[in-house]
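The same subunit A turns up in both complexes below, where it pairs with subunit B and then with subunit C.
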Partner chain A sequence: MIHNTKCECGHQNYVGTVLCESCGKPLGEDMHSQEPLEMRYDGVARRSQKSNPNWIDRIWNFFSSVKIAVYLIIITLIGSIFGTILPQENTFISGNPADYYGPNHGWFGEVYYQLGFSRTYESWWFITLLVMIGTSLVICSLDRVLPLYRALKKQQIRKHLSFITRQKVVYTRELDVPGETFAREMEGQLKRRRFRVHRDGDALLAEKNRFSRWGPYINHIGLIIFLLAVLARSIPGWYMDEYVTIPEGETVPIENTNYYLKNEQFTVEYYTDDEMPAEMAGQLRAKLYQTKAVLYECTANCHDLVEEPVLEEVKRHDIIVNSPLTYQGLHAYQFDFDDTPKLAAVEPSLINKETGENYGSFDLRMINPDLHYEVGPYELELRSQYMEFAIGEDGNPTSLSRDPNAPAFFFIIKGPGLAEEGETYLYFPRQVDKQRFSQDQINSHISDRLELSVGSMEGVTFAGATTFLNIRVDTAMPYVWVGAGISMLGLIMGFYWNHRRIWLRVDNGKLSLGAHTNKNWYGMRGDVASALKKVGIEVDPKSLDNGGKN
Partner chain B sequence: MNWVEFSSDAFIAAFFLYCFGFLFYVIAVAGKKWSNRDPELHAKRWSRIAFVVSALGLAAHLTFFFTRWFGSGQIPTSNMYEFMTFLGMAIMIAFVIVNAIYRKPVLGMFALPLVVLIVAYASVFPQEVQPLVPALNSIWLKIHVTTAALGEAFFAVAFASGLMYLLRVVDFKGKSKKARRAQRWVEFTLYVIVVIIAFIATVFIFRGMGYQASFTQELVNIDARGVETTTVENVDYSMPPIFKPYNSEVVEMDSFLGLNKPLLETPGWMDGVNAGRKLNTIAWSILMGSLLYGLLRLALRKPLGAIIHPLMDGIDPEDLDEITYRAIAIGFPIFTLGALIFAMIWANIAWSRFWGWDPKEVWALITWLFYSAYLHLRLSRGWQGQPSAWLAVIGFVIVMFTLIGVNLVIAGLHSYAGVS
Partner chain C sequence: MRNSRKKIQIVVLLGVLLIGGYAIGKTLFADDNPIPRAGDRAPDFSLLGADGEVHHLSDYKGKALVINFWGTFCPPCVKEMPEFQKQHEKWEDSEFEILAINLSETDLVVSSFLRQFDLEYPILRDQKRATERMYGLRSYPTTFFVKPDGKIMEVFVGGMTEEQINERVERLLQT
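After this line comes the complex of A and B, so read on.
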């Protein structure tokens, strides 16, 4: 079908134009109806309305549809709900999620896990939805904002009569003053209502708050920046998320960085009964968790297994829940703590079981123990250490965690009466582990001759509370905030102001006035009615309504 | 008398003023048909009285808020009682703003009972001032919670006018399939409101009777390492147990109407915190709500919707439609700012990430997505009238689920705002 796209006013319009870009005369099928006009995007042609679409156009058309955008929003909404039914895998810091869902939630948990809903928000389909929403944001906006900008940039003052009388807000009457006088009076009144008025004899165009039309597009730009910033976290080095465990008084390296972090002191305070209402007396309610932390930068011997690293203090901060330590893009957050007593060091003695002779004792630290010890005539060499000893599935010893919950030390002992290459000895400092793992049987080749043991509690020191800190680097954050800020600005522009236009013309003493707004017709009618009242025409604002959809 | 005690008195005053405000709005609207009076004059006069009384209620409510803040030294938005009372207050503020724009006081006939309901619901929760846990000790508690609640308050006003619109336009005499479906859903919405009223009433009735039952429950938990732990917990009920906790034994139980042992056991797959007690409360609410609804139907001999519908005569449905939409349009940017952006800023400070897909966060996002879909449908697809009003009603259901339902059925990081 060939469209004749030239309007009677002489303007050549693009194919798909609904209202002539110049005079506003309705074109196409809409021409003879008397219904209020479809004013969306001022009736301009959009790229998505091309007549012979190729495959690129088809993709463009798909994503430029608001209907598709709404579908995408609704599908994402429903998809998100699935992820809230059971806890997501990212809420577990340790352990195997497969052992959680089935055993705790039965067949439903198992199905949930198998279908991948335990990782809903990292799943391919959810990411795809977000990318599609992003694409839709870009294409919908471009498809509309450019033609709309063009249409609003060059507006004609004298619009086609049927354009005016087919607006949603319309007023017509016979005037008893000359048209130009009336138009001039209205110009004055509308200016006082902060309209920008353009007058051409007895025709007039008054407009205000055009900027609010750009609100939705600015909002969309903000959302796109936000989404891109979130994607940017996958750039190497932009994002780090580590957890460190620091017993009181210790200094530990932060993996993948040159920093070391010290927990000088960890404090937990609970509310006293005096500070709590009577109903809560006796409850343990935390008031404060605080890690007195010192951040060091390593300047030499970093990651050297033999030499002590050289550390230089760079920052000192009391980390509490709402106040992380921050240094050059690196943040350390109070994440958790553990104040149950943990072994820090033991001082075992080497005893000859046959004679009862005590050869002496040595200091064995749980964290960073020395590798060589000399006790009397014996030499002990530490070969390996397990913080939480267990026998793995392959039958070899393994450690379940890095906390000294069930520590074990594997020594080679050399000395008088022992084999030349030394003999093995597995030592469990805690009595309960010693029995659980049958220390004496494991060491049976030597256990009737020599034994490591702690004589009394004096030989045991406990660590202070352990703090768990979350170490983050997130270089994309400023862009996230910029995106959110732009989006917010767009929302405010779009929702708290609205674009209002009034056209009027006088033909042979008959006034025709039409008005259009993108939102808030109530306010639009009020504007027209009060301007008319000031020039001596009383109308009920509601009576200006010409029907049709908003 | 200290400040916190004084604030409780102000709260009770606010509650009763709201009740009277509601009553006067009903007189303003329903009394138009009474004999020997000019309907317009009557409506104008009584709406003004109703508005003044409601505004006094808001003033008392604000007094409660600030004296409690002053007395306790922390902003009263830190537990469920304080948050719900704040939400009620925010709805009043939103109502006053929307009323100032549209001057349609009849909106009060629906906004006021909503506020009364929410304020009454708040009173179900423990009311003492609870000292802040470290996570809440931040300036963002003030900023995030208040803005989010204000945004939601506008959605609540949209719900009130949306429901009004439906009661106004749905054809309650219609026999067509479409009319019947609309009637059924409006009636269902009203039924749900009756159930909520019954829930609040039931809580206070059993509380007034001092009812108590307690159980010991054996809980088996398997952590992500596959380690099984068994704990025994005490569970206290304040309503007679229709459902006792799963795997539990009665320790002691008051007898109620001859009920001296639990009727049923909570199924094992409901394994959230206090699942048994919550299920029992829901069972009681539905039971009492259905009873109340049945009595109302018997007394009125008509569906509730058909009773309210004639009261709406003379209210311009287009105005209601526009108010619904406008309230959402005002609330949406505030909600975005408070419930998403401020929430992200605080989460980034307190929890080290601005977004962690915590259930509460996800539901705030779901609310946001829902209202963005609404706005796109309304502005670009021309959804107006009934579809738009239904979306406003559903939207507020999602808001309430985010605020209460998530805490009730899904535990997450926001659990300190939990329901007890």
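After this line comes the complex of A and C, so read on.
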């Protein structure tokens, strides 16, 4: 079937045109109806609509459909719901996700994990939906904005009579002044109401706020930039969300970067009862979490296991909540801390139990202690260390873990009055362990003569608090903001302004006036009525309503 | 007009194919540090040995490997050590090696432990639990049997008897 797409005014329209692009005469099925016109996209054809589409056109047409776009959005919304049922894997800081879902949520958790819903937003199908929405956004917009732009750019002033009288705001009457005079007066009045007026003798087109029509498309451009920025996070190096654990005084490497981070000091302060309302007295309310952090860049020996890395300080910052250390796109946020006291070092004295003489003291670190000590006339050699001392099944000393929870040190002591090859001595720095494992009994051969002990709390050093920092890099963020900003601009343009147009023509002394807007018909009728009133025609704005859906 | 429309269509669809394909492909072939299992390639590491040398996993390319994670604080690990020594002696002439990775313990703990045993196979020292984490260890000991092509044949969690070790090493050497 061949469509005749030529209008009676002589204009050749594209397939799918509803209103002649030139004179506005209704085409196709709508031709003989008297109902108000469908003015969407000014009746122009969608760009892609062709009479004989090939496979590229078919793909294009699929994405060009707003109906498809709506379905895609609905499917994506439903899909997103699955990601909100159980915690997502990317929210786990440590541990194996496989150990979480089954044991904590039973068979449902297991199925959830196996189906991949524990990674909903990174799943292939979710990303595919987002890509399809993005494609639909681009194609829908292109297909509509270009023809609409063309149609609004070169509007004919004198429209077809049926185009004018089938608008939703219509006014007709016989005039007692010449048409051109009337049109000129209306031109003046409409200009005062900030319309842009184009007049062709006794025909007139007045238009205002056309830019608001571009709002949706600018919004779409913003959304596309937003989507692309989010996808750009998968570019290597653009996105990182890691956690580091730094005991006070230590420097640790940040994985996958050249940076090292040092925790010089961690402080936690709580509100005193005086600072809090009476009903909260006695509760622990944090006032300050602070990590004095130093960021280093490694310049040499970075991944060398033998040599110490060469570090260069690049940034120093006191990290508090909402005040991260920031350096070239890398942010370190305060996340958590652990201030359980841990023994770091002790300074025991060697004492002669018989005379009470103190031979002196030495510094004994829990982690990597020195192996030789000289105290007075005695020589101590550290032979073994147990982090969490216990007696094993075979009766030999052993350790239950690698953390200094119950440290014990095994010394060989040589010196005056002791055996030539030295005597053994097992030392427990913690008083509680000393009693539990009966230090004196183990060392019974020597314990009535010599003793290692810490005189006071001054001889004990505790490790500072451990801080947990969240390291983030998000290079895409500025683009996300730009996209969001453009999108907002588009929304404001589309929501706060509306595109109003008035057409009028006089045929043999009979005025025909039609008006169209994309929203706020009340204001549109008000504009028409007040302009008419100024030229001497009293008309009730309500009576201008020509029916149809608003 | 018609021509430029076609061009725009092709450019837009190609762009979608490229960007969308990249994004979707990335999710399909995502390699987000999975825990190595049988059939996977054993993750590479470089560790300082108790001998003071740096050992890379790649140094042992082409050899059948037993990678054993152990700690002095883990009695079944300690019990296994002499068994591994026997295996080491037994297969000395084969393309076979045992790498025993200590679980990030301190120098003295490891050195005083090693003094009590006469172990000839390489003892490697993990630092800050990095290799342990890379291999997704959950309990100790854990032993990885790695075929000469670098793929893991089996992951064994828990202590093993000499027989259990021997049977697996034989299978490993047959591949």
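Here is the rule we go by: the second predicted complex is superposed on the first by the 423 of 550 C-alpha atoms of A that agree within 3 Å, B and C clash if a C-alpha of one lies under 4 Å from a C-alpha of the other, contacts with A are read in each partner's own complex, and residues count from 1 in each chain.
Definition applied: a residue touches a chain if its C-beta (ideal position, glycine included) is under 8 Å from a C-beta of that chain, and two chains touch if they have at least 3 such contacts.
What you see is a predicted model; the values in this text were computed from it and never measured.
Applying the stated contact rule after C-alpha superposition, one finds that A:314 touches neither subunit B nor subunit C.
Shared-chain residue A:287: touches subunit B; no touch with subunit C. When both complexes are overlaid on chain A, the residue A:392 reaches subunit C alone and has no touch with subunit B.
Contact with subunit C, but none with subunit B, is seen for A:384 once the two complexes are overlaid on the shared chain. Of the two partner chains placed by superposition, only subunit C is touched by A:124; subunit B is not. When the two complexes are overlaid on their common chain A, residue A:135 makes contact with subunit C while staying clear of subunit B. A simple residue count on subunit A separates subunit B from subunit C, and the partner touching more is B.
In the superposition on chain A, A:66 makes contact with subunit B only, not with subunit C.
By the touch criterion defined above, A:371 reaches subunit C but does not reach subunit B.
Once chain A of one complex is fitted onto chain A of the other, the partner contacts of A:103 are limited to subunit B, with no touch recorded for subunit C.
In the three-chain superposition model, subunit A touches both subunit B and subunit C at residues 96, 99, 400.
On the side of subunit A, the complex with subunit C involves touching residues 47-48, 56-57, 59-60, 96, 98-99, 122-124, 127-128, 130-132, 134-135, 138-139, 142, 228, 231, 234, 252, 303, 305-306, 367-369, 371, 382-388, 392-393, 398-402, 410. By the touch criterion stated above, subunit A contacts subunit B in their complex at residues 40, 66-67, 69-70, 73-74, 76-77, 80-81, 83-85, 88, 90, 92, 94-97, 99-100, 103-106, 108, 120-121, 241, 271, 275-280, 285-289, 320-324, 331, 333-335, 400, 470, 472, 474, 477, 480-481, 484, 487-488, 491-492, 495-496, 518-522, 542, 545, 549-550.
Every residue of subunit B that touches subunit A in the complex is listed here, in rising order: 101-102, 126, 128-131, 133-135, 137-138, 140, 221-226, 269, 271, 316, 318-319, 322, 325-326, 329-330, 332-333, 336-337, 340-341, 344-345, 348-354, 356-357, 359, 362-363, 365-366, 369-370, 372-373, 376-382, 384, 406, 410.
Residues 5-6, 8-10, 12-13, 16, 19-20, 22-24, 26-28, 30, 35, 46-48, 52, 54, 71-73, 75, 78, 103-109, 112-113, 127-128, 136, 138 of subunit C touch subunit A in their complex.
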